[in-house]
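First chain A sits with chain B, and in the next complex the same chain sits with chain C.
So, the complex of A and B:
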């Protein structure tokens, strides 16, 4: 990797007006960045733009050459109850699971931030749900929710609750949310924990002297201080869970009916059945939701910073 | 909450919290592991048993007879290791360039990379599939590794940039003044100091790649490139009749999560430092 740049070399980093030094630096930067840029152009930027183009086309590679159809795909979406239901559940899934992940994340992080000696074992098991494949988690939970042999069903039956987790649409949606919350709360908790550790101890001491109780110091000190972090993590989780396809795919295949189908699952289904134009149009809807989340995040950020 | 617990001398509350937390986290694992050593006829029993009458290991060889398990294992290893090494190497290079070798537009490149994280992976699938059909990259390790390493690259670059920002620039400047070239400085000074970030991201990216479903599902349709995630789904689909072969699937699940559990146990600190660096910055 040592290039043929002949020594003695002057101070390359100095902000000198000499162009050759800067040029050398730019060349190094270009070479170092080239692989990442090429990868991202090839697998992200081009596909992004091409998806938008294809969303205005009727395109199935098995049959005709693609034809421009304007907004026809989007009109089709407006009349497609499966996709419309998927949009609805996507929003429920993304916002619902993020909310509970943040909620439980704060609880778990506070627990891990306890002054007591925490067994290392607890920190380790906290990471395990995050670290296992979603496929394994989804298959395992699917079986625990099974109407005949499932442990959860059996345990609830013993206390008098009869829930048909995977055959009742509303319950199936709850089941999917439970798995998503179980799987990603640890990741959220670890991130929040880092924020909690940054809150200066003196603030709590001062609040205590002033007679604040635990809840008051949590609402008055901890929460405002970690709010910007919560917004960041929340944004990240919203965007990330919009892309979750493996959970409904593995656990319910979008069922019963299409109750637990999300947009990501619909796109995958349309891609596999070579419905490329329609898949692209649904993808564009997903881009729009990303934009919506981004706008919400910026608004939340402004609010958090003003209130501080 | 911390103050709350302290004020109420909440030792007990905290430990009860730990126990509840541990049960919720570990319950599914207990279920999967126990199922994998339960004889088939006892798994399909109503009401279910929480501990089998007899333990057996016969589910494991039965699972390996049903699918080419070790082939999938090897494929997963090649896929995950290849994607991990590629992404970390390229991201370390890019991260250094973006943190130190400022050039016109370097902030824009960084911003573009970070924003590209927000594009859902599945929503870019159609054009990638066209490219892969045209270039015959389906069912190749190369094609899979290109996609996977690209997917984890933006986050890895982000971590690298924030890490390089923390290294004092003076050492590099001194080396340059002493007449070292940029490349010598990178190899002899920057690379060794970046070792902790590189190790962390090797672990994290391996776990993410090992767990990946979508890319192998779409682009690895033959047994010679299928990974374990896809294999687990095939195992479920190839079941006779309507019920899924949970006896075989639980055995496969256990063997699938062994590598990541080992990494979590030994790399816990490194993983946490990597995951939180991005969020807190």
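So, the complex of A and C:
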């Protein structure tokens, strides 16, 4: 006969699911982090997904409901000369300004890193353009390029050059590039300066012993050693400047015509006129361009690392 | 008996307490309850607050309501963007709103505004001249109901330097002829100028010229083509208008005029106050107003303006209705006009009250009305987008990036995409 005996209390507790100390720690950590993660997802992932969803819809909040239109918004972009022109200038702006920012950045950084006795305040002055808010800088430059009151125009006129900076399509593009280069070169220079200071002095001494001049040292030692840093900064500047809005908005409002219109400006134009579906489709195109440039940048970075 | 609380129990009870404390405050974002009884919020541009505040005491005393003023943007498109996010979310922070031509027609069609037919007494509607009332069904009403009451009457006036050129050119031909005489580009002196920077300022000027050609700007027709051609010729062929106008705003335009660099120009009525504010420079001869120059279809200048609306979700609907009726009444409208030129309109009550005061804008308003040159603002149901489309297209021609025919076709394509 088998006795009907209840298991002891301790055995029951042992059979119930118990978490180890480590598991409990992970659980507590997850619970504590959950609000932040949820907030982050809500403010980044949700808008991102919503933008993608909206890009396939015709949606004006004043005239609901939204209508699914498939790829119609993207087809419209393909035929929209304003958006196509904006894509063109966005790419010109991003690649043009990044190239010259790196070019002048290396020059300025080399100067600051040279053995010349450069006072500290010069190094500080170098950073001033970067510290000025973009809108403030753009308004200032807009006045400097003004055909009636601008000193740049006046100065050039005195030497016989008549340039309609902000009213001629090509000149307006150049003017925007000049301001972008002026504004961000100090940041690039300071970043590259950090890289230059990490180049071992012995390499230059060895090169000098081998008879290399300054130019050869720069091409043979400095540039290869700072190249990974330049690729990283270049990639950062490319992606960062793809979202440029404040500069063309303040200086030219995308004009003359739409010569200086950029993608972000077009997104803003569509949003303020409540064309949310189309604005989302342009945003998706922007995202794809950012992704493509990011991928190219990563590939370039790996290539530089491998060849080092 | 005291019992020590374990850490687990402490956390459990703390979480439960926090949840209980938060529960009454946690409502879904779709539940918005702003109902208020004793306050009415009026959203209007900051520069109008002083004039509004001056007329409020009798209203507040008689109704027991407190009116709060909230500052709205001076751009109609910006107001539409801001209001849309609130209205579409089922909310309105405001009871009465100063609303724009770009915003109100869209909001009325979206069902976001309260009909005002029974709110505004007939005597108020009758106080407006027939010319304004003709535009009501399009710009202030929708589907047979009224949703907005005008509080502004903005006409582009033709200012000229009586002290320097004696008389303003009366026709387009004279504009060119006299323009060539007075322009001295080497010294930055121009016959005319206008703020044409992007953001619909070029649209404003093109619509002004098109009102003189009898064209329909949103049809991209011959009337617009003539207007665009004149603008192109003034800038590029005859060079009587500086090329910088393409990137110029109204402040820059006004500065140029008050710097004695411009002989005649179209400008909104606010320039009168700007000029008078420049006491060291101002004299009536420097800011004289003439009838607009006649184009192929005679003189013309379009009018538009801001007006009061009540959002359908106004937190204090009764208070909003009382306030809008009060502010637009035949008694209060002249007081507002006396306090701020922005409120000057050709309403009978205002014209009677301001007759003989020598107010240049009131006089000009009468002159323009008598000459029959005031035209209604060109209408498009998606005004904000359509204005940008016209501006984008025609600016291609003005800046020599396309021929006129290409620009017109571009405009047609851009406008077709809005349908």
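Note that the second predicted complex is superposed on the first by the 269 of 308 C-alpha atoms of A that agree within 3 Å, B and C clash if a C-alpha of one lies under 4 Å from a C-alpha of the other, contacts with A are read in each partner's own complex, and residues count from 1 in each chain.
The definition used in the following text is that contacts are C-beta pairs under 8 Å (C-beta built on N, C-alpha and C of every residue); 3 or more make two chains touch, one makes a residue touch a chain.
Every value quoted in this text rests on a predicted model; they were computed, and no experiment measured them.
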- Message: After the superposition on A, what does A:42 contact: first (chain B), second (chain C), both or neither?
- Response: first
- In the overlay, answer first, second, both or neither for which of chain B and chain C A:271 touches. both
- Message: With both complexes superposed on chain A, which partner does A:134 reach: first (chain B), second (chain C), both or neither?
- Response: first
- Query: Which partner does A:169 reach: the first (chain B), the second (chain C), both, or neither?
  - Reply: second
- For chain A, which side has the bigger count of touched residues, chain B or chain C? B
- Task: Tell me which partner A:148 touches in the superposition: chain B (first), chain C (second), both or neither.
- Result: both
- Query: Just chain B (first), just chain C (second), both, or neither: which does A:76 touch?
  - Reply: second
- Answer with first, second, both or neither: which of chain B and chain C does A:61 touch in the superposed model? both
- Message: For A:252, using the defined touch cut-off, is the partner it touches chain B, chain C, both, or neither? Pick first, second, both or neither.
- Response: second
- Message: Once chain A of both complexes is superposed, is A:190 in touch with chain B (first), chain C (second), both, or neither?
- Response: first
- Once the two structures are fitted together, what part of chain A is touched by chain B and by chain C alike? 61, 148, 271-272
- Counting only contacts in the complex, chain A reaches chain C at residues 61-64, 76, 79-82, 142, 146-148, 164, 166-169, 252-259, 269, 271-275
- Note on the structure: Listed in rising order, the residues of chain C that touch chain A in the complex are 77-78, 80-81, 84-85, 88, 106-107, 109-110, 112, 188, 197-199, 242-244, 246-247, 252, 256, 261, 382, 384-385, 388, 392, 395-396, 398-399, 401-402, 410, 413-414, 417
- Message: Residue numbers of chain A touching chain B in their complex, please.
- Response: 1-3, 5, 7-9, 11-13, 24-26, 28-29, 32-33, 35-37, 39-40, 42-48, 50-51, 54, 61, 106-108, 110-111, 113-116, 118-120, 122-129, 131-137, 139-141, 143-144, 148-151, 154, 157, 182, 186-187, 190-191, 193-196, 198, 204, 207-208, 213-215, 217-218, 222, 229, 232-233, 236, 239, 242-243, 245-246, 249-250, 264, 267-268, 271-272, 276, 279-280, 282-284, 286-287, 290, 293-294
- Write out the stretch or stretches of chain B touching chain A in their complex. 1-8, 11, 14-15, 17-18, 21-22, 24-26, 28-29, 31-32, 35, 43-48, 50, 90-91, 93-94, 96-98, 101, 103, 106, 109, 112-113, 116-131, 133, 146-147, 149-151, 153-154, 157, 169, 172-173, 176-177, 179-184, 186-187, 207, 210-211, 213-214, 217-218, 228-229, 232-233, 236, 244, 246, 249-250, 253, 256-257, 260-261, 263-265, 268, 271-272, 275-276, 279-280
